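All chains are identified by letter, namely A, B, C, D, E and F, in their written order; residue positions are counted from 1 within each chain.
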Amino acid sequence: MTHGPILVINPNSSRRVTDGLAQALRPYALPGGPVFECLDIPESPATIASEDDVARCGLRLAELAQGRTDASAVVIACFSDPGLDLARDLLSIAVIGIQQAGILTAMARADRFGIIALSPASVARHMRRMRGMGVLDRLAGEEALPGVSAEDAGHSDAVYAQTLTAGQRLVAQGAGAIVLGCAGFAPRRAALEAALGVPVIDPVQAAAVIALGAVLA
Amino acid sequence: MTHGPILVINPNSSRRVTDGLAQALRPYALPGGPVFECLDIPESPATIASEDDVARCGLRLAELAQGRTDASAVVIACFSDPGLDLARDLLSIAVIGIQQAGILTAMARADRFGIIALSPASVARHMRRMRGMGVLDRLAGEEALPGVSAEDAGHSDAVYAQTLTAGQRLVAQGAGAIVLGCAGFAPRRAALEAALGVPVIDPVQAAAVIALGAVLA
Amino acid sequence: MTHGPILVINPNSSRRVTDGLAQALRPYALPGGPVFECLDIPESPATIASEDDVARCGLRLAELAQGRTDASAVVIACFSDPGLDLARDLLSIAVIGIQQAGILTAMARADRFGIIALSPASVARHMRRMRGMGVLDRLAGEEALPGVSAEDAGHSDAVYAQTLTAGQRLVAQGAGAIVLGCAGFAPRRAALEAALGVPVIDPVQAAAVIALGAVLA
Amino acid sequence: MTHGPILVINPNSSRRVTDGLAQALRPYALPGGPVFECLDIPESPATIASEDDVARCGLRLAELAQGRTDASAVVIACFSDPGLDLARDLLSIAVIGIQQAGILTAMARADRFGIIALSPASVARHMRRMRGMGVLDRLAGEEALPGVSAEDAGHSDAVYAQTLTAGQRLVAQGAGAIVLGCAGFAPRRAALEAALGVPVIDPVQAAAVIALGAVLA
Amino acid sequence: MTHGPILVINPNSSRRVTDGLAQALRPYALPGGPVFECLDIPESPATIASEDDVARCGLRLAELAQGRTDASAVVIACFSDPGLDLARDLLSIAVIGIQQAGILTAMARADRFGIIALSPASVARHMRRMRGMGVLDRLAGEEALPGVSAEDAGHSDAVYAQTLTAGQRLVAQGAGAIVLGCAGFAPRRAALEAALGVPVIDPVQAAAVIALGAVLA
Amino acid sequence: MTHGPILVINPNSSRRVTDGLAQALRPYALPGGPVFECLDIPESPATIASEDDVARCGLRLAELAQGRTDASAVVIACFSDPGLDLARDLLSIAVIGIQQAGILTAMARADRFGIIALSPASVARHMRRMRGMGVLDRLAGEEALPGVSAEDAGHSDAVYAQTLTAGQRLVAQGAGAIVLGCAGFAPRRAALEAALGVPVIDPVQAAAVIALGAVLA
């Protein structure tokens, strides 16, 4: 049996981000398995910064997904999981948000997890969502890297040094696994995991794998 | 790069159970991906019923895993996750328990989950472990099928009717996804999912996929 | 000092619902206090039934509120609080959701609360939101009235009898206050409170009063 | 219909504190609305410092309220909510405690709240009561101002500077609203709110407004 | 070294209840150990039924204890723990409440506990206190015996049959230990434990033993 | 009636530790009461450091206890409570773990507790177990003394100074009682309690007393 593609939808309009997603998912593209089709939304802004962006991009993402009746699953590739409840209500296929998947996968690997976020403002949003997920008792801590862009997160050596320090602080606070709170960190995941000695979870990979599991089950 | 096998260890001695695991994981055996090697432990009893069984089988499982330095990951294929903390302490590769993985995957698919267990006694054990996981606020309910054996769970039509009724009760209680609380249910997963209209999670598949994600990351 | 109006926005297009809001808020329209201006959104559907409705009506509500720079506060008059985070992000005035306000006011009146909802489907949504609010430990229970419309909730004697029975069940489960889970119940609030002997909270009134407190502070 | 007065009972004997309450509630005294009658208890000590004070003042407050059969609601105007359960058991009218009302109103305005308290000792008491309220997951933090008196809280510029610093620390910890943990802060509420950029809740106002809502419903 | 008596204070005026306490503590009166001195309060009512009783009896209990400077510890022998925070604030010796001690001892014996209460009204009070204790996740259930008096709880065979049925329901709900929610049940503790096959905790004994531990430490 | 001994089993092989247990329990050995028989396990390592040690020593402890049919109760005298669930499953007498007993006894003495641990690594383990116990909301904090041995914990004056400082930090964080997270601290318990002014709980004493209560009930 063949399966339709797993849509990995970047809800912003940055093609560079989308290329990063495709890069991160390359290891999971096995012969015979479903294709990960990475998409962005040209009408969206280049980054999702406000609640207004979250709301509008969520709607667009759901519309896009609804039009792709060939898809076997959908991954929402933005750490604020825009449109998650909406897309689940509209579609009968599996819809996976990368924030939820990243955190839950970390919880399958270790007792407590930490998160490395970009902006301090996002930490408050994450707290709200983790309370909604009912998983706050597993959180060891969250560290933000103020002023760092998604692109620098994966490509600047200076930022990598900051990221490593943040990870070490989280491990010292009891984190047995680290969730990368932005898709941009993906190119540094393996190095960070090696340096910290604990699992470091790329949430896009985590969501893609859970989607894969649903499609092939 | 090639990867060592993912060991899927049934900590009891029942070859029939092990064969069921292999069957459930067949869809995930993709060309180029790691092999799922399903094992059992001949010195163990045929079923794990008591805390003593849990403790002794956990030790044997960890010893077995420790000896397999070629492995890339370990799945503990028993819903009481015997030896999980122990194996994690001894090994540097990913160690995934099916109870945790099944529940966490259900949480990635829906807001609240239900569990279908075999014995009423196991329900109290699951409550203890879910409190330890900090996920009780996501539990919609748990239903037991007293007197049903692991084998009948997957092969008896009368038991399937009971299972379906239990699943319907859980959905009525608000479960948006169902976790099968015994590997024996696997042959009925797809039918149950179709009949209930919500995701039904085979915890062995859930754990295998998270292990796969870790190995290929 | 005079204050701009408190906008009480019904995010659907039903004028009849809007009239009901105005009716429920009449007791709070005191000379010298701010006006409660009750509005609906003509482009919205007559009822908000799906997550898609919630998302789209939330956006429209936020846009409407953003355009009313004369307003002193905003009340979101729909029990799913559509657009709450969005409107808060866009506006600097107080934005109050009736679900949150109704529940929090019940918590100011008694130790545990119950909710009377219309559809069984909404119960699952409320559970998710109450978990997000971190108040699940105060919930005594929630009862749904399947098949009852918002209009009948306030105007049918047969439905009132059902509502009373639901309230009595919640009191028996330990509810010291009842939250009406739909604005439509408002005409029956006082009768229900008298019959049950515990506070019965109309969430629109609860939100309006908290908005009033913010404006006059 | 006219309504009896809303009794706002300062359970200590300080007339100056009572005058401050009346001052804080002036904005809510609208023509046609119920009167806020602010009272103190001459037999009580000037401040409530010990558990013994809490117990004895609670009893006196409940007795006073019980004797006022003309009252339409009671506000307990002390941040330890003395006599709350007792007065609720004795009276059929609404009884609102300012600690509960202040915290719940903050929760209606923002996701997480902070508290500014006077003595460090009161922080431990507040933790106990917030655990009892089941709202600890919404707490961003609490800051104490050691050595500051209730009177200085509202009248000293040096103390205001300290208060502002405490508020800024709480906002940095994620507080989206601040609860003033002592009635004495009331004269500085508006200035603090303007300086911090988040809602600052005077708990006496919060309780008075909820009482008003109950009386006029 | 000799130790002052451990005061076991029945905060009501019923001598018969006090005699029951003395009877329940007989097994702990070992040569060389401290004496358990069981007292009641003649000015109190014969039973503690209302929040007013709780408040007034708590004050009297604390006064009584404060006057007994020879005491080495205090046990508050009423399941609503009247005066607990107050007495702890006033005294430097250990003050143990039987509700807290009974529940905590059950938690030292089994994973989840059940409570058998007398009046349904007390169940709501217990929920509030257990939330305050932060132990709700350990509660399997609570059963009330409406219309049963404290005296009948220990002396009527018909009531014993009801008590046994309640205990069986709690065990079926997952209770691994039962807390007797009234001192009056003490004479039936051993029979109930034998019949149910799980530990049955007399809270007066539980508190006395913890007091003993504190005194002899 | 005479009672069999209460077995206090040190699951490691250090006789010196066992002697310390016996010393700590001397005050509870009253004429007419059960004997506390302190044992160690010669086949065990001298200290329990890894999850492997925990698993193996737990099995040995349960075997030892199972062979002693004369025993009236069992105390597991290691702060990781090895073999607790196992021994409870195998034996019908009371089985008490010192970690659980120490924490629960602290909760019977004060609202929030702190823990003084030896190694920082144990703090993560304790967090996991306290989450499983459902008591995290009562934890004020935990302090580790890196590099301190169990023996020095009770015998070195330099370590005592560190312990006191840790205790003071915990009290400042709101701890109203301190649990000693290692049996080795026992000789300093009384001095620490006097210096800190809050109850300091030796978990071996706490468990022994609860066992005593169960045996004599």
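The rule is simple: contacts are C-beta pairs under 8 Å (C-beta built on N, C-alpha and C of every residue); 3 or more make two chains touch, one makes a residue touch a chain.
Since this is a predicted model, take the numbers as computed values, not measurements.
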Fill in the blank from the handout: In contact with chain B as well as chain E, sorted by label, we have C, F
Problem - Degree value of the rotation bringing chain A onto chain F, based on Cα positions, nearest 5 - result: 120
Fill in the blank from the handout: By C-beta contact count, E-F versus D-F, the higher one is E-F
Exercise for the section: Considering only mean CA positions as chain centres, point out the chain farthest from chain F. Expected result: C
Practice task
Let me have the rounded angstrom distance from the C-alpha centre of chain C over to the C-alpha centre of chain E, please.
Solution key: 43
Handout entry: Computed distance of Cα centres, chain E from chain A, in Å
Key = 52
Exercise for the section: Could you tell me which residues belong to chain D and also touch two or more other chains? Expected result: 88, 128, 131, 134, 136-138
Exercise for the section: For this assembly, give the contact graph shape among line, ring, star, complete and other. Expected result: other
Fill in the blank from the handout: Pairwise, the chains that touch are A-B, A-C, A-D, A-F, B-C, B-E, B-F, C-D, C-E, D-E, D-F, E-F
Exercise for the section: Could you please specify the touching residues of chain A with respect to chain F in the complex? Expected result: 111-112, 137, 174, 176
Completion exercise
The answer for chain A against chain B in the complex is residues 27-28, 30-33, 88, 94, 96-97, 100-101, 104-105, 107-110, 133-138, 189-190, 199, 202, 205-210, 212-214, 216-217
Handout entry: Residue ranges of chain C in contact with chain A within the complex
Key = 50-52, 54-56, 58-59, 62, 83, 85-86, 88-90, 128, 131-132, 134
Fill in the blank from the handout: Residue set of chain C touching chain B in the complex reads 123-124, 127-128, 131, 136
